[in-house]
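Heads up, the thing below is written out as structure tokens.
Naming follows writing order (A, B, C and D), and every chain is counted from residue 1.
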């Protein structure tokens, strides 16, 4: 598996998505397509669980930023949670940790966002 | 899948095995091990169905020859069946088609061997 | 020296990356360090694929080796337009979500995540050299303490 | 020109083979021809891995390209002991099951299944060149007729 995206239903007016594996230059187009469809099909906020994401490169960051911007334009929000250390490091270095809210767990994201 | 070996039970005092995918220098050791165990655990003849074998190289031929010799030493026989064209070509060029009986189907192998 | 040359096209990115990953694994790095090696290499390769040959087709090469000082070295070579990424200005990390631009991160991540990087132009070739220290026992202990 | 250099070790055989397969696929061969290209290349690579470096470690390189005549060319290079496989005697194909030896097939299959093969020693290097004709429309028609 290089990337797997799962929709874990909706809770508190928030779509729960989990991305596993890798978001890189090869898989990012698939991420854009799949998540884009879900964003368009709904009016809720999104929480993306990255607990099983092993790797993200700038192509993946660009995709995440794209989703965040698209939601923001409609007064909706993207929240991330459960980043592994290596993935968190990439978010920190790129400054993304300060522009996209990140929580330790789905529960925390639901409660505190 | 690079190689898959399945034992399809026994019929007319003959163990039925199917090998799928590729027997090459990488997978041949696994073939030797698995089929070797089955040969040792039994006193029957063997029919190996190659209908889903896509590729065999000299490492694979060597493995097949090894099984045939081992069975022969105990007055048992190896019969092959259902070779694809590309695999059949390798058996023809190497002269293996004349030393190991090959049939068009498992049924034909059971009946005519 | 292990080396892979392929057309600088997206269709070959997976194979190029697989080569680096296997070389890094063979050199005994842990999975965290392998991710950093993969990330910086991916950024450099994607840049060559997207920008180095605006009008023609061309190749990209990757070399992997351990140098005399026990560093893992990845060298990415192309024959495309001269480009020194290390000289490229950093993205504005303080922009808010609306103002934040989607580009300019690749080169920045390379500079931040490789232990060493060097660019040189040799004849018609761009050569980007990335160096990674093999973690010593002490580094690993330190990492354990700071990331409990 | 697409080229892969790796240590001549079994651990790298899968990667070496994957490179040739992808290059052959990119050149538009059908799956039957790709099998022949894979088979001959595997035999040559396994020989280098097993026999070329009896005492030292060494590398093996594969080059793939289309030549001027539209042939797909695979070139396998090593720095090992001088060995001209094409000069090697054929196995005894008439031996019965008990007498048949298990070795000596690799070189024979290369000679039979590649459309062209050539060995040369250049300095310290063995270079084996395998050539494969791209099937023309007529060849394909002919193949269909003979293998209904």
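Keep in mind that, in the parts below, a contact is a pair of C-beta atoms (placed from the backbone, for glycine too) under 8 Å apart; a residue touches a chain by one contact, two chains touch by 3 or more.
Since this is a predicted model, take the numbers as computed values, not measurements.
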item: Furthest chain, CA centroid comparison against chain C; value: B
item: Computed distance of Cα centres, chain D from chain B, in Å; value: 25
item: Centroid spacing, where centroids are CA-atom means, of chain B and chain C in whole angstrom; value: 47
item: Distance from chain B to chain A - Cα centre to Cα centre, in angstrom; value: 50
item: Multi-chain contact residues (two or more partners), chain C; value: none
item: Chain A: positions in contact with at least two other chains; value: none
item: Pairs of chains satisfying the touch condition; value: A-C, B-D, C-D
item: Chain A partner contacts - residues on chain C that touch it in the complex; value: 10, 13-14, 17, 32, 35-36, 38-39, 42-43, 46, 91, 93-98, 100, 102-103, 105-106, 108-109, 112-113, 147
item: Residue numbers on chain A that touch chain C, as the complex places them; value: 24-26, 54-55, 57-59, 61-62, 65-66, 68-69, 72, 85-86, 90, 93-95, 98-100
item: Chain D contact footprint on chain C (complex, rising order); value: 1-7, 11-12, 15, 18-19, 22, 26, 59
